[in-house]
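Let me begin by presenting the structure, written as C-alpha cells, before commenting on it.
Here the chain labels run A, B, C and D in written order, and each chain numbers its own residues starting at 1.
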Amino acid sequence: MKLRSAALAAAMALTGATAQADVKVGMITTLSGGGAGLGIDVRDGFMLAVKQAGRDDLDVVIEDDQRKPDIAVQLADKMIQSEKVDVLTGIIWSNLAMAVVPAATAQGKFYLSPNAGPSPLAGKGCHENYFNVAWQNDNLHEAAGAYANDAGLKDSFILAPNYPAGKDALTGYKRFFEGDLSGELYTKLGQTDYAAEIAQIRASGADSVYFFLPGGMGISFLKQYAASGVDLPLVGPAFSFDQGILQAVGDAAMGVKNTSQWNKDIDNATNAAFVDTFQAEYGRLPSLYASQGFDTANLLISAMVKADVADADAFRAALKAAEFDSVRGDFAFGDNHHPVQDIYVREVIKEGDVYTNKIIATGLSNHADAYAVDCKM
Amino acid sequence: MTDVVLRTERLFKNFGALKATNNVSLDLRKGEIHALIGPNGAGKSTLIQQITGHLASDSGTVCLMDEDLISVGPAERARKGLGRTFQISSLAMEHTVLQNAVLGALGQRGNVMSFFKPVMKDAQLVSAAKAALAQVGLAEFAATRTADLSHGQRRQLEVAVALTLKPKAFLMDEPMAGLGLEGAQQMIGLLTDLRKEAPILLIEHDMDAVFALADRISVLVYGEVIATGTPEEIKVNPEIRRAYLGDEVPA
Amino acid sequence: MKRETWINGAALAVLLGVPLWAVMADEPFIITLATRAAIFALAGVGLNLALGTGGLVSLGHAAFFGIGGYAMGILASHAQSYAPIMEAPFLIEGTKSMPVIWLVAMVTSALVALVIGMLSLRTSGVYFIMITLAFGQMIYYFAISWPAYGGEDGLSIYVRNGFPGLNTLVPLQFFGLCFAILCLALVLMNAIHKSAFGLALSAARQNETRVLSVGMKPYHLRLVAFVISGAVTGLAGALFADLNRFVSPTMLSWQMSGEIIIFIIIGGVGRLFGPVIGAMIFILLEHTLGGLSEFWHVYLGALLLGIVLFAKGGVIGALAGREKAHD
Amino acid sequence: MTTLLFIEQMLNGLQFGVMLFLMSAGLTLVFGVMGLINLAHGSLYMVGAFAAAAVAAATGSFVLALMASLAAAALAGALIELTIIRRLYDRDHLDQVLATFALILIFSEGTRWMFGSFPLFLDVPSVLAGPVTLPGGIQYPAYRLSIIVIGLVVAAGMFGLINRTRIGIRIRAGEADREMIAALGVDIAKLYTFVFALGAALAGFAGALVGAIQSVQVGMGEPVLILAFVVIVIGGIGSIKGAFVGALLVGFTDTMGRVLLPQVFGLFLEPSAAVSVGSALASMLIYILMAGVLVFRPRGLYGVA
C-alpha cells in the first residue's frame, strides 16, 4: 500500500524553487496478519500529524512488513535503493528493528523508532542517525519495579516469554525492584494457557505479580488469572493494557496497575487536541502506539522546519534538539538518542462502556536508560 | 544334498489366531522348477514373502546355498541371489521399460551410490538390461513408459528384471496370471529354458502350466505342506485329489 | 528439443535478464528481488531432490535453511567482533569469507539432516510430514530461547561477507554469485537425476517393494537424498542471510518450510526447474499483490488454491504438457 | 513442591489435555475417514471463536454464543467441503497440504477484513466465573472444571457415535473401504460432507470454549493447529482413542515439563541459567515427545499399520 501525502512535482514547480529539498519518509510497519493492530495505530498516529502539519514537502511511503524480518529488510532495501527515502520509520517489533536499523543507518539514512527499543541499539550498537521516539525496551519495566517499591510490595512473582524482549523485561524490573523474588518464570512464546503458571503463583507466597506478556498472550493470562481466584496485585507494562486490547480483556483487567510514558489524560494542550482529533478522524480512542506515531511525525516535522535533510549534520542536530510539542509533555533525547522522560503508573478503569486507563502516579521521573553508558557516539 | 539351492526349515507365521504358515520345510534343487500349489488362501504368497524377507517369520530358517538368511531383510536377500516376481506387478510405473531393467542390473552390480555418471549411458548396465528384455521378448518396448504396457507385458518385464539380477534362485508368484493363451505359452517356453540358469520356485494357478513345467510339486493347504512329489505322484495322490484337486476353482 | 527445455531456458534468461535491465534502468531494488528469487529457487532445488525425486514431503526444511543462515550469522558476527567462537580444545575463529561460510553451512546442515533423516525416515506418508515438522519446531524454539546469538531478535551483520575477487556489496555482483551457484546446483541436480542414484531414488518413490527386490535399501537412498537436499537448502540459507545481512528464527519457522514447498508446487513437482519458476512467480506475486491491498493474502491464497486444483503439475506442467522430465 | 500443588498441576495437565482433545478430535476424524490432511482446521477453530464472540456481544448469552460457534463452523466447513475439499480426496498429501494452507491465508485475512485487526472480547459466563474449592482445599477455576467435564462428554459422545450409531457404522465402513460403502448404497459424497462439517463444528466449538479464557484474534488457529497435529500423530492418525490418549499425554507432558524442568535444572545450574535452559527445553518438550513416539512407533500409538 502506498500513500503519498504530498503534492505533485508540478505544484512544487509553481511555488518556485523551495529553499529545501523534499523529505521522503519510508514507513515499514505491520499492517497484515497477527499484530497488525499496532502497526495500524502507529501509521494512523503518524499520518494524523502529517496531515495536521499540511506540509507539501513531506512525502510518506508506507509498506507492510507482515511482521517478517526478511520482508522488512527487503522493504528497507527497496525504500533506500528505489524510493530513495531520507528517513525510515514505523517498525513495531524489536527483532525487525534489529534486522533493518543497523544496515539503514550504516547507509546514512535516518531512522526514527516509533515503538521498538532493543538494548543493543541503545548501548554498544547506538548510531548517530538512530533516534528512538518511544522508549528503550527496559524503560516501562524499570518504572514498574520502581512503582512496586513505592507501593510497598516486598515479594514479587515475575514472568515473561522466553525471548530477548522477555528477558530484558524481567531484567528491567529487577534493576529497580528492591524486594524479594518468589518466582521467576519464562513461558513459551505464543503460549495461550497459563494454568500451570498461575498455580505456581498461588503457591509461591509472593505478594504481587509482575508480568510482561504482549498481545494475545496477555489477554489469555489476564482472563485466566481473573478466573483463578488468585487476588495478588498485578503490575504490568502498558502493552497488555492498551486501548486496542483492553476491550478484549474486559473486567479481568479492572484495577490493574500498569506503566506507560503516555496516557490520554496527560494534561497538556497538545495531548488534548491529539485525543480529540484522532477520535474525530478514525472513530476510536488513540492508543499508546498511536501517540508514539504522532510524536514521531511531529519530531520529524520540527527538524524539517529547522534544517535541510540534505545537510545531515544540521538535520541530525535538529532532531536531537527535539523541539516539538510532545503529547507526553516534556520530551528530550539523551546522549544515545533515546528518550529521557517521565514514566507514569496507570490504573485500568471503565468510562461508560469503554475500558481505559487513568494516571495515578509517576513511576520514574526524567528517566533515561541503563545502556546509555555503553554508547560511544 | 549338494544340489539344494534354497531350503526352508520349519517356517511359521501366525496372523492372530490364523496359522498362515505352519511348519513349512521345503527345498529347491539345482536345475528344477518346483511348483507350489494350493487353494486360494492356502498361504502361498505369505510363504514367498517370508522367503524373500518382505514378511518377517515367527520362527524357522531360510537358507540359500547353506547360508542362513532369516535375520536379514529383503534387500540383502535379493543381493544374496533371490530373484523375485510379484503376483501384482511391482514396477516403477513412470520409468521406461529399459529403466526398470537397468534398475535390476544396477542392483546386481551393487554400487548405487554413484551421483554423476548418467546411468542410462553406462554400456555395461544397458547391455545387461537389453539382453534380459530380449530374452523375455520386450526388446522393442525398451523406450515405452511402463505404465503404458499391457498387463501381460508387465509380467514379462517382471521376469526380465529378475533376470538382470542373475539370481541363484527365482521365486515367481503367478507369472502367468492374466496372460492369455499365447502369452502363457510364451512364458512357459521362457521358464522351461530359465531353469537351467537358476531353479524356480513357482506359484501358479494354471494347472496345465504347472503339470507341463514342474519337476516337483508341493501342495500347500491351510499353511501346511501336505505333500511333495513329482507331477505324476501328485496326480495320483488320493489325499490331494480330495483336499484340493477335487474342488479346484479356476483362478 | 523438448518444450520443457525451452521453458527452462526462458526462465533462466528472464532471471538473468531482469537484473541486467535493472542496472540500466537504475532500479537497484529489482536486483535485490531477483537475488531473492535466485536464493529461494536454490532452497527449492534442494528440497526438490527429497520432495520431487524422492517423494519425501518434508515440512521441516526451514530447519536447514535457518541453520545455513545461522552458520553465516555466527561465523560473521564472531569475525566482526574479533571474538573466537571457541578457544579450547582448539581455536576456532569467525570468518567473513563466503566460501568458508558456505562450506560450514553445508556441512552443518548435512549433519543435522543426517540425524533428522535417520529418525524421520523410519516413518512415511503423513507421519513423515509431521515428524519433520516436529524437528523443525524443536530447532525453532531452541533458536528463540537460546540467548547467545540474539534469540528471537536474531543477528545482524553490518557488512556483507566477502568473496575473493568480487565486491559483494554491489547488488549485481552478489546477484551474479547467487545466480552462478543456482546454475551449478541445477547442473548437479540434473546429473544426480540421471545417475544411478537418481534412478534408484525415483524408483523408490514409485515403488518401494521393487527397489527392495533388486537388492537396494530405500532407507539408505532416501537418507542420502535427504542429506544432499538439506545441504543445498542450507547453502541457500547462508546466501539468504547474506542478502539480508541478518538472520533470525523466522528463517526456521514452519511457514518458511511451507513457502519452500509452495515454490516447488507452483513451478512443478519433480521438474528440474520447478523451484526456479515457482520462486520467480512467488516473488513477483508478493511484490505486486502486496502493493494492491492490505488484504493481499486473500488473493495469494486464492491463486495458490487455483494452481493446486486446476494446474496439476504446476506452471511447467501446464505449459509443457505431460512430457515427463525422466528419460 | 507440595502434594497439593502437584495434584493441582496434574489437574491442569488433564484440563489442557482435554482442551487439546476438543481441538484435535475433528482433525483426526476427517483424516481417518477421508484421508485428508486439513491444515485449515485451525481456521475453523478461529471461525467458531469469532462467531461466538460476535453473538455474545450482540445477545449477551454464552449458550447462544456456543450454538453460534457450532453453526458457523459447521456451515463454513460444509461450504469449503462442497466447493474445494472434495476435490482433494484423491490427491496426494502434498496437494492437500498446499490447498489447505491456501485456505488458511484466505480465512485469516478474510476474518481480519470482517472483524478488524483488534482482538475481540469473549468472557466466561458469570455462573462459571471465579474459582471453586475442591476437596483438599484446592482452589480451581469453575470454568476449567466445566471444560474438563464438557471435553469428557464430547469424547464419550464421539466414541458412542463411532461405535454405536448407524452413521458411525458408515463412517467406520468408509474408513475401511470406500468402494464397499458405495456398493452398500450409501451416498458417499453426503457422508463426507457430513463428517467434514462435524469435524469443523467440533473445531469451532473448541474455539468458542477456549476463546473464553484466551484471546480471540486472527491467527489464533495456527498454534492450535500444530498442537492438534502433534496430538493426533502421537495417537495415530484417524484414531479417536489415539487422539484422546495423545491429547492427555501432550497435556501432562507440557504442563509438568513447564513446571518441573526449571526446577530439575535448578539442582545443578545457577538459578537464572536453570530457568532459561529449563524453559527452553520445556518449549521443545512436546516435539521431542512426538519424535520419540514416532521413532519407536512409526504410526503412532494406535495407528494401524
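What we mean here is this: a residue touches a chain if its C-beta (ideal position, glycine included) is under 8 Å from a C-beta of that chain, and two chains touch if they have at least 3 such contacts.
As the structure is a computational prediction, the values presented were derived from the model and not from experiment.
Peer 1: What chains, if any, are shared contacts of subunit B and subunit D?
Peer 2: Shared contacts of subunit B and subunit D: C.
Peer 1: Which chain's centre, taken as the mean of its Cα atoms, is farthest from the centre of subunit B?
Peer 2: The most distant chain relative to subunit B turns out to be A.
Peer 1: Once you find the CA centre of subunit A and the CA centre of subunit D, what distance in Å lies between them?
Peer 2: 35
Peer 1: Between subunit B and subunit C, what distance separates the C-alpha centroids? Give it in angstrom.
Peer 2: Subunit B and subunit C have C-alpha centres separated by 43 Å.
Peer 1: What whole-Å value do you get for the distance between subunit A and subunit B if each is reduced to the mean of its CA atoms?
Peer 2: Computed from C-alpha means, the inter-chain centre distance equals 74 Å.
Peer 1: I need the residues of subunit D touching at least two other chains; which ones are they?
Peer 2: Residues 108-109, 112, 276, 279-280, 283 of subunit D touch two or more partner chains.
Peer 1: If you look at subunit C, which of its residues touch at least two other chains?
Peer 2: Residues 141, 144-145, 147, 295-297.
Peer 1: Name the residues of subunit A that each touch 2 or more other chains.
Peer 2: Within subunit A, residues 32-33, 162, 167, 186, 188-189 contact more than one other chain.
Peer 1: Once the touch criterion is applied, which pairs of chains come out as touching?
Peer 2: Touching chain pairs, listed by label, are A-C, A-D, B-C, C-D.
Peer 1: Note which residues of subunit A are touching subunit C in the complex, please.
Peer 2: Going through subunit A, the ones touching subunit C are 1-2, 31-33, 63-64, 68-70, 73-74, 77-78, 81-82, 94-95, 98-99, 102-103, 106, 118, 120, 162-165, 167, 186, 188-189.
Peer 1: Going by the contact rule set out above, which residues of subunit B touch subunit C in the complex?
Peer 2: Residues in contact with subunit C: 52, 54, 73-76, 78-79, 84, 86, 90-96, 99-100, 102-104, 106-108, 110-120, 122, 125, 145, 161, 164-165.
Peer 1: Note which residues of subunit C are touching subunit B in the complex, please.
Peer 2: Listed in rising order, the residues are 191-192, 194-200, 202-203, 206-207, 209-217, 221, 224, 324, 326-327.
Peer 1: What residues of subunit C sit close enough to touch subunit A in their complex?
Peer 2: 27-30, 32-33, 36, 141, 144-145, 147, 150-154, 156, 158-159, 171, 240, 244-246, 248, 250-251, 290-291, 293-297
Peer 1: With touch defined as at the start, can you tell me which subunit A residues reach subunit D in the complex?
Peer 2: 32-34, 36-37, 40, 162, 167, 184-190, 192-193, 195-197, 199-200, 202-203, 215-217, 219-220, 223-224, 226-230, 244-245, 247-252
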